[in-house]
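Report on one structure; see the data block that follows.
Which chain is which? They are A, B, C and D, in the order written, and residues in each are numbered from 1.
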């Protein structure tokens, strides 16, 4: 199968959906002729023109809010934030408007908007360009939150997100953009809300998502050389959360390591641990272990950043720990 | 500007309907029949009526916490509104929204909004949608003087100007945001003075003169529909009641309240219509009686409607 | 001891700190002569005048941001939001500025601002006036997040918050404002980050905070009549979290019910469950049970709202469930 | 307006220091010595120098992603700046901040900022603090043309006007925000035209003319310090480089870049000082040599400094 990059997968998914459905349009900063800060809209302006690929002012509250209004009235805007770090600025739009409108209004309208935004660190981009805020938005009912880890998943999930009649936050890890992977020429979609076992195993379950899936797979590979069989469950969607996939794997391996790039308190990883403590407690042979960022903002200097963010060695140590317990 | 008789009469009817609806809500809230909070539109009727009389059924509006007037003026049935205020299953939004969150896309009503300025970007987006779909629709964002100090106002007006969107921004300047007088939170005299910062026409009108409101709105809506871009209209008006029902009025000079109540919008307009021979006194009376009956029926409807089944609370989240 | 209301406790704490420290000032909407939407600044304008009690325009991003700038330069602003629901609007200020400034700048400045804001439902105030967003902010390192449940705690914690050299979010439940409780005339403070056992017990631990403490105590009282001994741990601060208090209680009772008003996913309750799954797994005699809001926005109609938000009966049922397991 | 000789010379020195610092950073970044992202200030030197020359040491500034110039002009030592860019323990912020987050309150530098418009409310708050503490300090918020479309701009300017705060808003209009030309995202010609919406004076000046910048800033700072309130100054300028180092320049006409580079701010000003007899050619040369040595020393300092110990990543969160 041909291999394409993660960012190319984003472009393809968007272009295919734009061809399929004339109500799909793309808005953001520098997403027209410029092609997007990370190249995820390359070629769209040329193919679909200025009515469907619209460069916005630096007005996140305004243009994401416009996305909500447009989505409620017949368009399907795919709105890009240049970095997800400032999703704080349009957060009222997401938290108090988009997520609640359909419900508060008794189902009379829907808000089929996709908000795409790059997340993540490991780039020496410092405290305001390295964040992963998915946990905060996963807390809010009425938003779907997706974080693919491969070009294949990115393409299939983005197509589903664009077709979804609800607001979907689609977070793309910056370290993944240039990674390549097999993506079929034929059309396909991947359902939102389904985890994927990226590596089957029997001794320990690792639950991870986004860039941490790659780090977990690398760790699993190393551990395999010592005869330790790690199952890597890629959540892919953190809201809704595929509880069944988590529980099935944990019931099988009876040991759980959760790996996420961001902070631990009130996070996706906390939720995964809580679900297991509620629904599979008796299966656990060892305390749950979480591998997360340390409890500080992301520092600039690479030596500091690497210390704060999870590394392969941390994952390996965590797996050893749950096996020892 | 020639205004059709039908429209002239409609504006009276809308104002009366808002007036009687709100007077009734006031009493029902005081009597404990309506839960939660209500923010009444009494005194500002000419703005909603004058603006919405220029709109088509499929044009969009976004509204505010003080939204009953806009929603009635845009054509909503007071029965379903009242039921919503009561939290009944028969309300426009099945009791999930209440006073601050009535929406009905079938009439272009994209929602009242509990977040001050929250509707402004949404209306702007609806206008973008109308433009891209080439539907010929126009969007109106209603908001208060207080909302014009929010970032959403600035960003939206700039966006609308940049893209020449078919949207009209209607600021209802009632001098106060809760207990704060506008002159203490804004240095420019008129909110409409801010339009220039976006390269957009701005106009201040007497918001208690429904004809003045209508004329300004007509022009702005026509401009918008013709593709000539957005307008900011400031309507100077006053709310009779405190910010929300139950709030003591500690902050407004009684003379000011009285003076504005004497300048109320409906009686002089009715007088005008009669003097102009557009309506007879009797016809005017009939219109008023008719809306009173509608409001009474709405109360009965609301009272007799069932509460939603508790489990329906889990419905309507996902599309 | 005299009894005062929760809102009066807020006023007293603020006034005492303003008397003690001339750099303390109060900003917000209608907090001057009006006295605050919930009366929490009553009398301050009269005592301290317009230079220290400043009515703001409706500009949450602006004036909370100003609070950060002022706090970094020698003032201690106590900033009030009329409702916490629109903490979304100044959230960049909190999440990307206030929480990170000291750290990103290597410790050269600090941001001693307190943001006070009412939270919570049970008032038929509908989807945009009933939220409790503490979990989202507890996720962010560099912010302290406090939610007192009694007038005594409110006063002592607010005084500590104002003296704290970090940014503190101080969330006050609207249903608590009129509740009364004993508050000594003498000055006292309560340390941020310490939980409090509001009722000792031996059979089950309930971890709760804010208004849910009252509901949990009422449930415990009822259960006591059946001979069930419930320990109610009031977190008081959800970040930092008093892990020790949680673990000590759980190790004693070996059964845990977590009660919170807001949604479950990625929440404070998830974090509490995760901590226990990591650090006290072997002590648990039953799966953890969480009592939370159901997974939808808060609906307006009281019949719906009561169905969505936790009730005393839900807490009682949860305790029974962990005892049966 | 009489400008002291010392100030005239200082402005040349500051501009040269910025220029040589940035030229060096450009090369060091290209060579892979500096991690992360850098946004260079080359071409805009006159703005930072002209504005900061009017400020006292304890006056405040907030800066942007493109902040090196402001920080140097406010008096920072290039040694500690360069070390910060290298992520070294000896940097102003111990390597935790990097290029986009340099702060040093001892010089009134409240931080560069990675959030476009993020510093504007902070400067406004610092001005409120100065006013309430009656300290006589003034705050300056630097930001770009792009930032003026953000809500934080609107809210802050309104707040500053309402409270007559001692703050000066300096918009560096370099025609672009990343790849987006300003005329496509704003209808009014000049950003300064927006001041009127707040009841605040606004002025547009040639941002490549350090004397024009100085004069406008002097007047605004004096006004602010005298308690007469805020001012918006727009400085029209141009960045020589692309938005960040490494970005291809696909969006600016080469003629435009060349024309602006020919209009660069330093050489004509140096010429002017020499012609006016304020400096000799030799003195000017010495100043330049001096800053080159400083920058070289800074690079050596940064190179020879240790990286922070990894565990120090856990320090400095709580005060």
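Going forward, contacts are C-beta pairs under 8 Å (C-beta built on N, C-alpha and C of every residue); 3 or more make two chains touch, one makes a residue touch a chain.
For clarity, every value in this text was computed on a predicted model and none was experimentally measured.
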item	value
Most widely separated chain from subunit A, with each centre as the mean of CA atoms	B
Centroid spacing, where centroids are CA-atom means, of subunit C and subunit D in whole angstrom	40
Computed distance of Cα centres, subunit C from subunit B, in Å	36
Subunit C: positions in contact with at least two other chains	56-57, 59, 61-62, 85-86, 89, 92, 96, 103-104, 126-128, 141-142, 295-297, 299-300
Of all residues in subunit B, the ones touching two or more other chains	95-97, 101, 113-115, 118, 149-152, 154-155, 158, 162, 184-186, 317
Touch-based graph of the chains, sorted into line, ring, star, complete or other	complete
Of all residues in subunit C, those that touch subunit D in their complex	23, 25, 51-52, 54, 56-57, 59, 61-75, 77, 92-93, 96-97, 101-110, 112, 141-142, 165-166
Residues of subunit A defined as touching subunit D within the complex	29-30, 33-34, 37, 55-62, 82, 85-86, 89, 123-129, 294-297, 299-308
Of subunit C, residues touching subunit A in the complex	85-86, 88-89, 91-92, 95-96, 99-100, 103-104, 126-128, 133, 135-136, 138-142, 239, 241, 262-271, 273-274, 276-279, 281-282, 284, 286-290, 295-297, 299-300
Complex contact set, residues of subunit D against subunit B	149-155, 158, 161-162, 184-188, 193-194, 196-200
Footprint of subunit C on subunit D - complex, ascending	60, 62, 91-97, 101-106, 110-111, 113-115, 118, 120-130, 132-133, 135, 139, 151-152, 154-156, 158-159, 162-163, 315-319
